[in-house]
Structure formats: C-alpha cells, structure tokens
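Each of the next two complexes has subunit A plus one more chain, namely subunit B in the first and subunit C in the second.
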Partner chain A sequence: MTRIRQGEGVEMKESISSVVENKLKSERNWLKVAVVTAYIIFLLLPIYWLLNMSFKTNQEILSTFSLWPRDFTLANYATIFTDPSWYSGYINSMIYVLMNTIIALAVALPAAYAFSRYRFLGDKHLFFWLLTNRMAPPAVFVLPFFQLYSAFGLIDTYLAVALAHCLFNVPLAVWILEGFMSGVPREIDETAYIDGYSFPRFFRKIFMPLIASGVGVAAFFCFMFSWVELLIARTLTVTEAKPIAAVMTRTVSASGLDWGVLAAAGILTIIPGALVIYFVRHHIAKGFALGRV
Partner chain B sequence: MLTLENISRRVDSQDYLVDISLEFQRGELNILLGPTLSGKTSLMRVMAGLDRPDSGRILFDGESVLGEPVQQRDLAMVYQQFINYPSLTVYENIASPLRVAGLAEAAIKSRVAQAADLLKLTAYLDRKPGNLSGGQQQRVALARALVKRASLVLLDEPLANLDYKLREELRAELPTLFAELGAVLVYATTEPSEALVLGGKTACLSEGRVEQFGPTLTLYRDPNTLMTAKLFSDPPLNTAAVKGMNELQRFIGSSDTGTLAVRAHHLRLASEIPTASTFEIRGRVDVIEITGSETFVHLQFMGQPWVAQLDGMHTFRPGAEIALEFELDDCLLFDDNGVRVRKPSGGRI
Partner chain C sequence: MKMQHNKAWFMVLPMLLVVAVSAIIPLMTVVNYSVQDSFGNNEFFWVGTEWFQEILASERFHNALQRTLLFSGLILVIEIPLGISIALAMPRRGIAVSFCLVLMALPLLIPWNVVGTIWQVFGRVDIGLLGRGLSSLGIDYNYTQDVFDAWVTLIVMDVWHWTSLVVLLCYSGLVSIPEVYYQAARIDGASRWSVFRFIQLPKIKRVLLIAVLLRFMDSFMIYTEPFVVTGGGPGNATTFLSIDLVQMAVGQFDLGPAAAMSLIYFLVILLLSWVFYTVMTSLDNDSNSAGRGR
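Right, the complex of A and B next:
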C-alpha cells in the first residue's frame, strides 16, 4: 500500500498547474509569433514581389503567375549597369542628394546653434516659421522654382535640385539639430570659453562629438527626402541631371513597358536608403527619445 | 586683487545684482553666502565675464577687465553641476586648458599627473567622465580648474550636488588645494556651516545686495544687520518683536521697538533659580526632532516659530508648555531697520 504524504500531493498539484500554465504560455507565444510573422510578411510582400520581378524576364512577368523566378535572369540588372541612360540616373541622383545634404547641414548647424543658445528678436516666431515651409506640398513651389531657376540659367544642373530641396530640408535639419543641441548644457560652452577655446575650435573639438547623433539623424532625413522626392527634381532637370526616379517614369518604349528592368531599377533605388537607415538606426532611436524626429 | 565697483545687473526688469562693491585679495578664500536666487551665480558670471553688468567696473590688479573676452581672461570656474567634456577622456579633460594654451606635451603630462594625484584621479585617467561617480566627475572639474593655475578661481557651489561624506572630504581639501596658487579664490555656498568650516572672508548676499563683507567668524559672531544674522543661521534665527530694548528684562514699558534674535544653540532648558544674566521664555512645543546627540525643539513663542537646539535627548509632548532660557550676552538686538543695536559698554547687547 502506498501512501501519498501531504507534501508530495502539494508538489504534484504544483507540477500539474505549472504544466497547464506552460501550455497556456506556449499557446500565447505561438499566437504572438504568428501575428508578428503575418505582419512582417504583409510588409515585405511588395518588396519581395519587386525583387521577384527583377529576376524574371518580361515574358514570364506578363504570361504566368509565379512566386519565384522560373527562368532566373540577371539581364535586367545588366541593362541598368551598362546603359548610360539608366546608370547616369543613379549618379545624378546621388550627386544632388549629397550636395543637398551637405548644404542643408552646413546652413542648419549654425542656425540651430543660434536658436538653441541665443535669444534674439522674434526667435520663436522665426523657428516656427521655418517649420511652416514643410507644411506646404512641394508641388506648390514647382512653378516659382522653375521660373526663378530659368532666369538664372540653373535649369538642368545638380545645384538647382540641391538648392530647391534645401527649402524643405534646412528647416527640418534645424529643428532636429536644435533639439540635440539644447540637450547639451550651456555650461559646457562656457567652460570651454573659460578654458580658452575659440568658438570654431570649441565647436569642432567639443561640441560636434556631443551632437554627432543629431547630425547623423538630420543627414538621414535630408538624404531620404531628397532621394525620394520626384516632382521638383523632374521639373528642374532635362537630361544632364535627370534623377533615377524620373528615368524610371520614362521607360515606356515602343515594345511597351519594360517590367523587368523597371523592377530591377526599383530594387537598386531602395538599397541606398536601406543602407543609410542601417547606419543611423541607433541615432534615430535617440532622436525619437528627444522628441525631435 | 579683484575689485568690483558698483556692479548692477538687471534682466527683464528684475534686479539680479544691485550696486555691489567688493574687494577680494589674492591668496585668500572669499565666500559668497546667500540663499538660492540671492545673486551668487549672477555675480560669479559677471566676475568671469560671461555676463556683462549694466553698470559698474571690474578691476583685476587695478586694470579694468570689463569687455575683455572670456577666452583672454586668466580664470577658472567650477559649476554646481558636474560640467566636463563628455567626449574626452579624464586625461584630456584635465589637459584641455593647457592644450589650448599651447603647452609642450611633457609639461602637460606632468601638470595633469600632479593634479590627478592631488585629486585621486590617477586610476581613472583613461575613462570618460560619464563612467565616473558624481564625486569623481566633480574632482575632474576641479582638477581642470587647478591645472590652469589661473589668477581668478570661481567655485560656484562645487559641493552642493555631492553626498554628505564626499562633501566633508572635499571641503577639507579644497582650501589647501587652491591656496598655493596665490589666486583670488571665490567660493559660493548656501550653507552657513560650510562657510564657517572654510573660514576666510565672507560676503553675505541677499536679493542681489551685499549685506555685509568681512572675516567669516566676525560676521557670524558679530553681524551688523538682522539679514546677515539670518543668513548665517542654520537652524533659522529665532526672532521676536520687542519693546524697551535697553531694558530687556522688562519688555514692556519703553517706546523703543525692535527685534530680539537668539540662535537655536544658545537656548537651553530653564534652570530652577533664574539668574540676573539669563532671560527665561515660555513657549508651546510644536514638534521635536531627535538626531541622537541633539534635540531640536520647534516651539511657538510670541506668535513666532522658534527652534531650540538642546544637547542630548529630550522628549516633550507636542502642545506642552516648556520653559527655556538664554544668556543675555548671547542675544542680538536690531532696530526697526534691521540694523544692530550695540551696548555702548562693548557688551554684546
């Protein structure tokens, strides 16, 4: 005859309840994983489809529905990398985007420093007014830009697009940088001056490392806006500085739309943005924490 | 020698500094004592050249330094907040004023090593200030002020944000650290006890005005005004409105009015038989605080909150009436304008 002592019974009960609990937990976990997976698939589906198409031939794209390329080809990419009318689009875009980012930061850094450190007549109004520039859709400014740049002979130059994009990027960069700069105590500036630093030396040696995240985040947003903006870039360019997005909209040939090449171009357009995001992802989190992104 | 002549500063129609004239000698410890918003930091910023006074002159060794940029002034400053360069190592933080001055690498190295040794930072020279404790961070700031060997050193409540133990330790070291420099040393604090421990000379500040300037102990023992006595009291000074000031034992009966003030530690439990040299008061107990070696009795006397600091442990019921006494020689008398009334005989009443 076996007797279950009190203690053992309790133990058994405990182990049973823990098994049930674990089961419930694992079911809940399973649900979590399923929801997240479904969401990610939903998000990535268009990108996957683009990638899928870029490795197919036009014939396959148009004739059959296939989840992966049956007739795998790199011809679409080859077209882009060998045809100057395609790859020059990327080069043009890169040039004016970089120009724009550099100009925007060069202008925004001193402006943000002034807004964060000094009080002057109408500073708050000016700060707000800067932001209102971003409230108008870019299309509004297309006409005045075209007229103005025509008068100065700037049409179809990199500078034209870079400067036009500054209208939107400088305010944003000032706004972001001001937040980061205001996070640095003013006493650090003063201590540096007391130590004997001149302003330029202080700014370079002491201040810049402290707002490096902010510069990274501001550069990222300038880059992304300029990279994806189509309307102004297309209007202000003809052939010499034509951006990739504009090239992509003009691919209707005699034989119809070149789907495969277009998809490959799309993939190549995503890559630079993805790379930049990868490099500044931690800084962007910091920017969110400061409430300025 | 640093001379301030009639310094005034207003910001947004608010008086920050009102007609301040002071003279600080080299090699002396000068303390600015006052509560928050009394103008200590404002005055330091003016002395440093970070802010410009609206009127008045600042002379260093007889020459006006007003309008001279901060970079060219020979000064060092330590803030209440721990201010260091977060992106530089402790070594580079301390070396920074020397690098800007363009010293040779060997000289920088020896000076930094010396300062780090004095402030016990040698083990942390390769770290970033963010990885140090609060006390160590403030030591870095002090070391940076020290290596510069400036002729004006401003310390703005440097120990206020430190914990008790560290504060005691650094407070004891501070005067000796800077004494050898032969600089004009100015130290701001809100705590009367800190001023007393540090010694030197003290300027009492209140609402942007200098109440009194002189040797610290003299100011404590022999204040000229009620405000100075109040600023120099912790726990707060006990005051009561009195009439008949020259005959303290009989408050009523004379037309003279003024304020009687007694420090908390001068009060003691009344003895059975009153003597001629003591005065007895009776009040109602509000609260008692016992710290172990001392008991703080908060009571109501003549409608005023009073505090008595008694030796040892005492327990009184709140609401109970107790009798306390003080030596007449220990009390201070002020007239209606807050100016000290002294006895012609030279006694302290």
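Right, the complex of A and C next:
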C-alpha cells in the first residue's frame, strides 16, 4: 500500500529519484504520444472523409475512389450558400440555440445561487429531481411537446425549440454553475453586504466576474447540447424555424442522394462547434474539475 | 454552514417555471395517455394499467430492452477504460494540451444526425473509406445486410462520438491532482499501477461517476445516430428502445401503449442510474477507508 508522506527531506530525495524516474519516463513517453496520436487520427479520419467528399462532384464520388479530390470543386458549398432553404437552416439553428442558451443561463443563475448559498425547504429533493430531467429520453417527450406547443400556437417558432431544449439544458446549467459558485467563499458575499452593496449590484459587480469561467462553461454545454439535438427540434418545426440538421435529413430522402452537397452541409455544421470549442479551450478542462460536471 | 432561508425559493422559481413548461406538463400528458384509450375524435376513456401490462408482456418490448441494455453495456465496457487510458496519456502542459482538447472535443459538437451521416458514408462499401478499406482487405463487411457488422459499426461510431467526453472529464480530474502527491509516491517507490490505483483513481472518482452516468443515460437513450445509419435494421437487429418508441408513437400513432412504454423506459433509466450511483459512491467510501492508510 502506498503511504503518502509529506515530511521533511522531500526535495532532497526527489532529486535522486527523479533521475531514475526520467529514464522510465522517456520510455513511457513515446507510448503515450502513440496512444494520443492514434486516437486523434481515429477521430479525424471520418471527418476528413466527409471533407474530402464535400470537395468532389457527385459523379466523382460515385464513380472513382480517391483519397483526395481529383476534380476539386466548391460547387457543393455554392449550392448551400445560394439556396435559401439550405442557408436559412443554419440561421434558424443559430437563433434557437442562442435563445436557449440565454434562457437557460438566465433562470439557472439565480437558482444555482440559491442552491449554493442557502438551505431551504426541499432543496435536496429539488436538486435531485432536476437531474432526473436530464435522464428523460427525448423520445418520450416528442409527442407531448408537439401537443403542448400546438395548443399554445408555438409550433414552428424559435421559442418552442428554445424552451423545449431547456428540459435538458437548465438542469445541466444549474449543476455546473452550482459547482462553480460553491467554490467562491461565502465571506465574499457577507463582506459585500457589510460594504453596503445591494444584492443585484453585488451579483453583477462582484459575483459574476468571480464565476465568469463557470458561466462560460455552462454556456458552452448549453450551446453544445442544443446544437446537436435533432429529434425535438425537428418535431417542433415545420418550415419557418427548421434547423439545418433537419434540412439535411429531408434532402437525403427527397432528392435522391446528392452526396457532395450532403457532405458540404455536414462540414458546415461542424464549424460553429469548432469555433466555440476554440474560444473556451482553456476553460474546458478547468471547468470540468471545478464545476461538478 | 449554509443559511436556512426559505425565501431562496423565489430565486429558484423562474427556473422551476421554465422546467415545468418543458418537463412537468409534458410528463403529465404522457401519464394521462398511458391510462386511456382512444378511437380518435379526441374521445378518451379510462383503461387503467392495461397498456402497462400489455407492454411489459410484449416480446417486442423485451427484445428492444435487451438490445438497448447490451448496447449500453458494451459502450460502458469499451469507452470508460479507453477514456481513462487516453486521459492518462494526454500531455499535461504546453501548446499540445489545447491542440488535443480542441481536436478531441470536435466529435462532441457535431449534430447527432450528421454523426450518423458521417458514419453512414464512411462505412459504405462503394464510397466509404472504412467499407472500401475493409472489403479490399478481403473482409466481407456490409452494415446494411449483416447484423454483426451493423452492431460493430454502431459501437465504433459511438466510441468515436463519445469517448472524448470520458477523456475530458477524466483529464480534468487528473490535472487537479497536486504535484506533491506524485512526488510522495515517487519517494515511496510506488509502481505505476499503485500510483494509478491509490492516487489517480480516487481523485478522478467523482468525475468518473459523472462520466459513467452520462454515458449510460445517453447510450440508453440513443436515437438519432442508429436511426440515420441503420434505421433499426437489418430487420430489427438495431431497433433500440427509443427507435421502437418513436415508431410506435409517431409512426403508428398508438398513443396509449407508446405513453406506457415511455414511462417504463424512463423508470428503467432512473432505476439503473440510481444503482450505478449507489454502487459507485459506496465503492468510493470503501476505497477511501482502505486507501487512506495514513
């Protein structure tokens, strides 16, 4: 059994043992690099294939088999950017995803603050119940959602999808934010009140900057889960607010199989996500550790 | 100590309203359907637990449940150890970290049906790299015809799609371990395995629990990707519970049985998640008392 001792002489012994350790390490290092590289190649290969196809003409895709486009063309992308039924799909998706992220964060912030700072009647039950919503299969909700939103005349609006996606995003946002907020010492709140800050002012001026990375991480996850969800988004929209992902499935079934355009559309759906990851890349790992995700 | 403060309910209220609209009311509708029958015209009458009995006794439900359980089981067995190993192999500092994180998170942000499309194309024997490659190696591979191939394709697809989530979670747990712990282990001459077993594993236990729960729930609820790739086929070989459910609810419009099935489905997930949670937290306590040894 390992005994963790943090006593005297740590540094001296460390320098001796690190010489031995370094030898072992360099042997192990190439294995590590190999594992990570192999995994990343495995991840990128299917995406590369899609990218490859998106630059080919339909004829080339079906007739020849090549690892890179022989007859390089941007025609597939041109089709998407000139046809409103294609590019409006992207705009629709962006709008409801942003609406969802804003709604989810707006209601999750005060709730997470309450969970992290106060004990109140039924708080634990409420928190657990929230998480059970994350466990509900979207397939279960498809039909009732459709009926509920048609009763309110919300079908085919951005709001319907944005609200429906709150089902899984609000619990997640509360969960992440609660973790971040609990990491902020309570004394800060108390000091601010003594200094005469009102609650809204304290929340905006002092508390928000402290949990900014938490808000970033929560926003990232809301964006991600709303962006990738299709089943509910497709059910609640007809034409006006149709998400890009649904436009794609329809095109596949309707006009035969235009593989090139399909691939180009797929590549374009990856881009917003890739941009978002790039912006929060420093917070992803840290965010996971601090927040309770 | 937290303050007892029931006015905090007001802060929770907006969230409760939003979740009520998107969760409680729809769930009540489902419950309502599950105990009624209809001959159209919006006329409903009470049938009690009839639908539940019918679903629980039906072969179709049992088969779909078994397929889903098998799928989730395989996913957990593959993705969790794989995710941990990759997280352990990740670089800890430098530009390589951002590089790896961004690339690994990429599959997570692809819409699920696009994931399906990517693999549908990738695995095709005529135009896909994977299908073409395998058949040129002399392996008879066709995921639309062969049950085994369809399963392998779906599992590889899910591993491709979600292992990164496990990696990111474990990695975040690993980087939060203070360097002092490793130094201490080095002084004691701890082997690589005991460093993992007694330092790293206990420290990432919490995030690992989340990873297992999330992966279990999401693989158990999987719908879009298999729907796009195999459409539940060949035959019914990859018709998971969710696919079956949507078929019943939207395709055949059998509201009563579909609603009853939804509730049973939901309860199965709740139950299994609770079991996972309890087992893993009790393991946590055991290893804490055993591994502490100070």
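In this text, the second predicted complex is superposed on the first by the 251 of 293 C-alpha atoms of A that agree within 3 Å, B and C clash if a C-alpha of one lies under 4 Å from a C-alpha of the other, contacts with A are read in each partner's own complex, and residues count from 1 in each chain.
The working rule: contacts are C-beta pairs under 8 Å (C-beta built on N, C-alpha and C of every residue); 3 or more make two chains touch, one makes a residue touch a chain.
Being a predicted model, the structure only gives us computed values, none of them experimental.
Visitor: Overlay done on subunit A, so just call it for subunit B and subunit C: clash or fit.
Guide: fit
Visitor: Kindly classify A:69 by the partners it touches after superposition: subunit B alone (first), subunit C alone (second), both, or neither?
Guide: Neither partner.
Visitor: Is it subunit B or subunit C that touches the larger share of residues in subunit A?
Guide: Counted on subunit A, the partner with more touching residues turns out to be C.
Visitor: Tell me the contact category for A:171 with respect to subunit B and subunit C: first, second, both or neither.
Guide: So A:171 only meets subunit C here.
Visitor: With both complexes overlaid on chain A, does A:209 touch subunit B (first), subunit C (second), both or neither?
Guide: It touches subunit B, and subunit C stays clear.
Visitor: State whether A:183 touches subunit B only (first), subunit C only (second), both chains, or neither.
Guide: neither
Visitor: Contact-wise, after the overlay, does A:194 reach subunit B, subunit C, both or neither (first, second, both, neither)?
Guide: First partner only.
Visitor: After the superposition, what is the least C-alpha distance between subunit B and subunit C in whole angstrom?
Guide: Minimum over all C-alpha pairs of subunit B and subunit C: 9 Å.
Visitor: Within the complex, which stretch of subunit B touches subunit A?
Guide: 48, 50, 69-71, 73, 75-77, 79, 81, 83, 85-88, 96-97, 100-101, 141, 144, 148
Visitor: With touch defined as at the start, can you tell me which subunit A residues reach subunit C in the complex?
Guide: Contacts found on subunit A: 1-6, 10, 13-14, 17-18, 21, 28, 31-33, 35-36, 39-40, 42-47, 49-50, 53, 61-62, 65, 67, 103-104, 106-108, 110-111, 113-115, 117-121, 123, 126, 130, 132-145, 147-148, 163-167, 170-171, 174, 224, 227-231, 235, 244-246, 248-249, 252, 259, 262-263, 266, 269-270, 272-274, 276-278, 281-282, 284-289, 292-293.
Visitor: For the complex, give me every residue of subunit A touching subunit B.
Guide: Interface residues on subunit A, with respect to subunit B: 185, 187-188, 190-198, 201, 206, 209-210.
Visitor: Under the stated contact criterion, what part of subunit C meets subunit A in this complex?
Guide: Checking each residue of subunit C against subunit A gives 2-9, 11-12, 14-19, 21-23, 25-27, 29-30, 33, 85-86, 88-91, 97-98, 100-114, 117-119, 121-122, 126-130, 132, 160, 163-164, 168-169, 171-173, 175-176, 180-181, 183-190, 192, 194-195, 198-199, 206-207, 210, 217, 220-221, 223-224, 228, 241-242, 245-246, 249-250, 255, 258-259, 262-263, 265-266, 269-270, 273, 291, 293-294.
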